[in-house]
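Some structures are shown below for you to check.
Look for chain A in each of the two complexes below; its partner is chain B in the first and chain C in the second.
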Partner chain A sequence: MIISIASGKGGTGKTTISTNLAFSLAQKGHKIQLLDCDVEEPNAHIFIKPKVELKETTSFVVPQIDEEKCTYCGECVRVCAYNALFVAKDKVMFFPQLCHSCGGCAYFCPEKAIFETNREIGEIEAGSGYSIEFAYGKLNIGEVMSPPLIKRLKKRIDEDKVVIIDAPPGTSCPVIEVVKGSDFCLLVTEPTPFGLNDLKLAVEMLKVLKIPFAVLINRWNEEYFEIDSYCDKENISIVMRIPLERKIAELYSEGVLFSKELLEWQDAFCKLFDSIEGLWK
Partner chain B sequence: MKIAISSMGNDLSSQVDPRFGRCQEFIIFDSETLEFEAIPNEAINAAGGAGIKAAQLVVDKGSKVVITGNIGPNAFNVLAGAGINVFAGATGTIQNAIDAYKAGKLQEVNQATNGPGAISTVPTYR
Partner chain C sequence: MIQEITVLSGKGGTGKTSLVGSFAVLAKDKIMVDCDVDAADLHLILNPEIEEANDFFGLNEYFINRDVCIECGKCEELCCFEAIKDFEIDVISCEGCGICYLACPASAIETRKKKCGEWYISETKYGPLVHAKLGIAQENSGKLVMEVRKAAKEMAQKENISLVITDGPPGIGCPVIASLSGTSLVLVVTEPTVSGIHDMERVLDLCSHFNVKVLVCINKFDLNLEKTGEIEKICRKRNVKIAGKITYDYIFTEALIKSLPVVEFSDGETSRRIKSLWENLYNELNR
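== the complex of A and B ==
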């Protein structure tokens, strides 16, 4: 079973939930794989403290132009949907950060002056910690194109295990790349107007992707009930509430899984998994 | 010589559009014939690389000078690479900008005057 943890809004606790869920299930003997797909800002490894057994770089195919053969006809510029190429009368300029690696420019170049070359965009590290098989991606600084790295990381999915995937925030391409193919998506939100606003966007995204989902409210307090009203109205299950508690925050700030110290939470996370399984079936 | 000016409208009384890559239109003004042509900026809604696409548009029109409010790094680099002189900080109408350019009152820039426009001026949702 593949469960992705997404949120809409950043900073609601996706990593907290994915790591504690993975840890609690592993403690009860489940075979768990955790993938941190928030490659722009991976941080699950801070909590899992994995022993890294494998490192591999990921690259991305980009065009390289043979200026000897180029006639500056501009066909590549017309083909490029991402404006990654520019041609003047005696010059071609290429902007790798804008390239989506579609290969169109090389395919359509009438002079066969464009060939493809690899450009490194990031790194994947894999290993294990707390009996969890763990892997994460790290996008190189300055890179903007995370989906190819996410795709590569998702190739590691082992369907014989319970796979928990930590997604990036938002509802754009990287998030869609992460959550597609999941059996279930858990949306982590917080009791604030921002949390609710972005939760709604994430719900719309999952409806389009036809992925079943439920909501978890983190830093729950008894002051803001709009999330409840919204979920009630939309018939969305709220499967867990984690209260705003100083001890949880302190453990988090020290890079410690709170379910490791506050043992009652291990059962709570196992129950959360049961409810997810129930909703999925 | 052809001069491209980023514009909010399609004639010489239109206001200069302070953005280059995502301006509404370009006025291509010919300083010899004093004629002009307005071309809609196809790059205005580009997801990314608007400055590059807009620059391609004005270069393809044979412009040698660009007058605008602000210009981002990608657009500046391609224009500089194509040997175009870029003047920023223009305000008022297109006619005002042309007059200011002729009077030598506009500042030629040798680097970008702002960040990539899509990032600094349009709220992007993450």
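== the complex of A and C ==
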């Protein structure tokens, strides 16, 4: 089963939930794989402290122009939907940040003057920690395009295990690339107007993607009930509430899994998994 | 000359939008911009009245006309995004390159413009706000960010306003880079947690990569004083100034629930600290 943990709003606790869920299930003997797909700002490794067994760079196919063969006809510029190529009188300029690696320029070049080369965009590290099989991606600084790295990371998915995927915040391309193909998505929110607004956006996104989902309210307190009212109205299950507690925030600040220190939470996370399985079936 | 302050964080939820909401109260003669286009929240504090709504078009979308399709499979073979299967294009996976459209021997692929979102020019109690809403499950957030910033700059020029304050998205990728290019000053809002520090360092690396002037603000600094010390040490080493330290205070949530900027909601210690943060930022900008 593949469960992705997403949120819309940043900083609601996606990484806290995915790492503590993975840890609690692994403690109870489940076979767990955790993938941190927030490749712009990966954090799960801070909590899992994996022993890294494999490092690989990920690259992206980009065009290279053979100046000897190029006649500056401009066909590549015409077919490129991303404006990544520009032709002057005797020069073709290429802007790698805009390229989506569609291969169109090379395919349509009448002189066969474009060949494809690799450009490194990030790195994947894999290993294990706390009996969890773990991998994460790290986008190189200055790179624009995270989806190719996410795709590469998701190739590691081992469906014989319970796969938990930590998603980036937001609702645009990187998030869609991450949650696509999940059996279930857990949406982590917080009881504030920001939390509610961004939860609604994430719900709309999952409806389009046709992925079943439920909500977890983190930093829960009795000051703001709008999340409850919204979920009630939309018939969305709230599967867990984690209270606003300084102790949990402090453990997080130290990079410590709170269910490792506050043991009662391990059962709570196992129950969370049972509820998710129940809703999925 | 128009100056722009862009607020970033790397990690989400460190308090960017709450602080920007307060800057809207404290700054005079400015335009506010929300560049977190796929999870925009600034409007929840500034309560804008929309004056002008504009459509945002991304790349075209493509369809296969099955009446014309000869089922040769050329499109599926050429599609690098694995978006075509059984002579149907999956709009979610499609990245709009149009190669299938150009290569189809039967001209069976049709295309049309796709609306990917909207952007707005609004009026608020604190001055104009330019903001946007990316359509559900749409791509191209970077391009929308550029449009929003361009609209704000044009408005500033026209109305002779010299300051733009931009609330940026989390992360370090496409929409962040689109928010950061050509700005005058970046404020990175971090928090004293291992994750906060890790993500701050990546966003500081990004700022030096693009050679942008940067300051740091430590939000929730008293949550973990040891980690706050660590941030200060890192910033000293990198020669980055700390523009302010803000208390870990439930008042952020209380103000938000009331839909108010923190500095309007309370006169307490936290508000005083936000005011001094703003003064430091403003002075740095005019140095």
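Everything that follows uses one rule, which is that the second predicted complex is superposed on the first by the 281 of 281 C-alpha atoms of A that agree within 3 Å, B and C clash if a C-alpha of one lies under 4 Å from a C-alpha of the other, contacts with A are read in each partner's own complex, and residues count from 1 in each chain.
The rule is simple: a residue touches a chain if its C-beta (ideal position, glycine included) is under 8 Å from a C-beta of that chain, and two chains touch if they have at least 3 such contacts.
Owing to the predicted nature of the structure, the values given are computational and were not obtained by experimental measurement.
Using the contact criterion defined above for the overlaid structures, shared-chain residue A:C270 touches neither chain B nor chain C, since it reaches no partner.
Of the two partner chains, neither chain B nor chain C is touched by A:I236. By the touch criterion defined above, A:G170 lies against chain B and chain C together after alignment on the C-alpha atoms of chain A. When the two structures are aligned on the shared chain, A:F95 is found in touch with chain B, with no touch to chain C. In the superposed model, A:I46 makes contact with chain C only, not with chain B. After overlaying the two complexes on the shared chain, residue contacts for A:S253 are found with chain C alone; chain B is out of touch. After overlaying the two complexes on the shared chain, residue contacts for A:G10 are found with chain B and with chain C alike. By the document's definition of touching, of the two partners only chain C reaches A:E143; chain B does not. Once the two structures are superposed, chain B and chain C can be ranked by residues of chain A touched, with C on top.
After overlaying the two complexes on the shared chain, residue contacts for A:Y82 are found with chain B and with chain C alike.
The intersection of chain A residues touching chain B with those touching chain C, taken from the two complexes, comprises 10, 82, 169-172, 201.
Here chain A touches chain B in the complex through residues 10, 74, 77, 82-89, 91, 93, 95, 98, 169-172, 201, going by the rule given at the top. The touching residues of chain C, counted against chain A in their complex, run 9-14, 17, 36-39, 41, 44, 59-60, 78, 80-81, 92-93, 95-99, 102-103, 134, 136-142, 169-177, 191-196, 198-199, 202, 205-206, 209-210, 223-224, 227, 248, 253-254, 256-257, 259.
Listed in rising order, the residues of chain A touching chain C in the complex are 8-12, 15, 38, 40-41, 43, 46, 79, 81-82, 97, 100-104, 107-108, 139, 141-146, 168-176, 180, 190, 192-194, 197-198, 201, 204-205, 208-209, 223-224, 246, 249-250, 252-255. Note for the complex: chain B touches chain A at residues 43, 46-50, 52-53, 55-56, 59-60, 74, 77-78, 81-83, 125-126.
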